[in-house]
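The letters A, B and C name the chains in turn, as written, and every chain counts its residues from 1.
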Amino acid sequence: MEDYTPDEILALLKRAREFKSGASWDKPNKQIFAANLFFENSTRTHNSFHIAERKLGLDVLEFNASQSSVKKGETLYDTVLTLDALGVEVCVLRHSTDHYYDELINSENIHCAIVNGGDGSGQHPSQCLLDLMTIQEEFGDFTGLQVGIAGDISHSRVARSNAQMLTKLGAKVYFSGPKEWYNPDFDQYGQFLAMDDLVQTSDVVMLLRVQHERQDEKANASFSKADYHKEYGLTLERASQMKGNAIIMHPAPVNRDVELADALVESPQSRIVKQMTNGVYARMAILESVLK
Amino acid sequence: MEDYTPDEILALLKRAREFKSGASWDKPNKQIFAANLFFENSTRTHNSFHIAERKLGLDVLEFNASQSSVKKGETLYDTVLTLDALGVEVCVLRHSTDHYYDELINSENIHCAIVNGGDGSGQHPSQCLLDLMTIQEEFGDFTGLQVGIAGDISHSRVARSNAQMLTKLGAKVYFSGPKEWYNPDFDQYGQFLAMDDLVQTSDVVMLLRVQHERQDEKANASFSKADYHKEYGLTLERASQMKGNAIIMHPAPVNRDVELADALVESPQSRIVKQMTNGVYARMAILESVLK
Amino acid sequence: MEDYTPDEILALLKRAREFKSGASWDKPNKQIFAANLFFENSTRTHNSFHIAERKLGLDVLEFNASQSSVKKGETLYDTVLTLDALGVEVCVLRHSTDHYYDELINSENIHCAIVNGGDGSGQHPSQCLLDLMTIQEEFGDFTGLQVGIAGDISHSRVARSNAQMLTKLGAKVYFSGPKEWYNPDFDQYGQFLAMDDLVQTSDVVMLLRVQHERQDEKANASFSKADYHKEYGLTLERASQMKGNAIIMHPAPVNRDVELADALVESPQSRIVKQMTNGVYARMAILESVLK
């Protein structure tokens, strides 16, 4: 997301809204193959890219690493080189390595487009775009909007991508959550607040998933869902302190009764289901832009 | 299957026969996404739903639980809520939990159709429909037809669905198999007979698979294939006692030489291969009915 | 490959070249289902068959053995019998058993075409065809061409298929590699040479992958990548001894710096990426020929 200008982002958002309104892509009259390579578990990102690809009329290849030559020791580079040689024009990738894509986009022999579906604790640009789309649908404009991001900031690729782009677009960002899960590197984007303050201040209360798969064992062993919910979660009580037109967001999957109270997930203030719906259109816009 | 009236079933069977004769669905002029979520192993049900979906012109999303957020602890409810939000219009599900579908069809926020591809030891409606279709093709009418169901009655979702619907349609149902695998709850549908009596009486000899994956370890350890075959299986000798026009059915996969003799699986009396073929058309009829 | 005459092979190669030039198949006006059943890991063969199937306009069923009734003990025979009953017209199979296909093509009840995507240490006909296509593109004619095949000859299904067909087509074949991985059975196709001699003699230097998954544990424990590379690999030094217009081939995945130096994989003499590209068209020709 660092490389995108606000104008480019606003253009992508416009296109995503058009797709949501029923616009279709003027696809070249030939088969275009997309490959999805998810080396980390995913429900939303993976399936919404698949649906976005099909809505654009692409042929989809689901790459299953566990049944591939990756099991014989083949590297990510050689895997993508192969798919490129087979005629794949766009690869959507999720991988646990930060910046895995550098060697792919710098290769002279790999010509297909690379779309990042999440890299390690790095970036998650398509999630960022769908979050921005959901906020824009609600408030129209980003200028002066107060967005509070709470939870496991340091492991979150969502937090980083969103904080960068929201500030570029004129929003004011706040952070909260356990201090040991915060990274001072985020100070450049906004202020750290107590959870109660963040909830009362924000137009958008964005909760982040507790990612046990990215914590170490010791942290997981001592973790109490009830304690986390009480100290850093959006409890029913805290939710009652939200501004009148404020909304709740979460990249999901939600740990119900941890990051937010079970009853809030599908509540009138929640945009969590809408975020998932918008993800399809945001991803159509991204795919179209790299295929053009 | 409890909720279907005989007329509704007969209408579905008629439609399945039409599909088999080459009829096609008058599909709305838009993309329709179906998702298959099989949390239990399956070859026939899974692949024939996939083929049925494609024959109806649907876009198919194969949900792979082992590479999804289910691995991060996401519930079935939240998974289906997600797919619904992504625009999926029908989910075909197989799950080990009896009545898993209740919370899905009762949810206000899940709008997609749910098709049950088998729940725990509960129901297996699409298998039931293809069995009825195969019987109807053979005998035309169900009234007075004698159907013997033999094997692991209590764990079988096929037995339950079939016994309910066959009796509703006027057939007479008998059961046989190991007494410890029988459930007196089935007395309401028909009489328990010795295996030899069942074979000599029945127009349809329906064998059930020994489901080791649903038995406990002790039962599996003491199980002898040869003994089972001799006592409760359709041996070549027993098959020679079948009525002249009686047929053999089995939901498959068959344990050859356990539930029935190897040589009977593809014999002239067997309709096991035909059951699989009919499954595609029965499932087309089911999918069409929920999409309309 | 034993059953193909040179003329039949040359006709397939011609058709593959036509597909590469943009020709399309005159597909019958109906849905045709292909199923891919890969019981061994694969990236190139599996994905290029998938793409070839889609380019021919087929509907593709990806059979996932690990989520199928194979897990309940169902045999390969009964699995293919099932897919055939469901209406699948061509099954592409890879399996660890040599000649697994015999019982399938000899069955009276299995009607679908079987395409061998690799059987144990047996044959790999589609790899053979794409290799021949790549050689033909380079040299036009096979007569008198010198082809050196080096590496794990005895476990390689590529070596066997290629040696058989290349000699039929008039090429001269040589072998090299560790003596303990050589099989005197190959003497009928060509002479065994020292690696340096093979490199200097050959128009095509074809390296074979060290297949640790087919070696025993003891062999794997004592294996040294550096030693193998030095003794039997295409080092940079050896590559400098190649004839001026000689090319490098490898079925891939490549163990870089084992069978050949890392820098040679994507070098100007290498046709490894082209082999992958040609694989799609070779497989289209094979599929078309069995569907006609």
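In this section, contacts are C-beta pairs under 8 Å (C-beta built on N, C-alpha and C of every residue); 3 or more make two chains touch, one makes a residue touch a chain.
Small disclaimer: the values here were computed from a predicted structure and weren't measured.
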Chain labels contacting chain B and also chain C: A
Could you work out how far chain A has to rotate to sit on chain B, using CA atoms and steps of 5 degrees? 120
Need the CA-centroid distance for the pair chain A / chain C, whole Å please. 40
Each of the following residues of chain B touches two or more other chains, namely 62, 64
Residue ranges of chain B touching chain A (in the complex, touch as defined): 31, 33, 35, 59, 61-64, 67-74, 78-79, 81-83, 85-88, 109
Chain C residues touching chain A - in the complex, by the definition given at the top: 38, 41-44, 46-48, 50-51, 54-55, 62, 64, 66, 212-213, 252-256, 266, 273-274, 276-277, 279-280
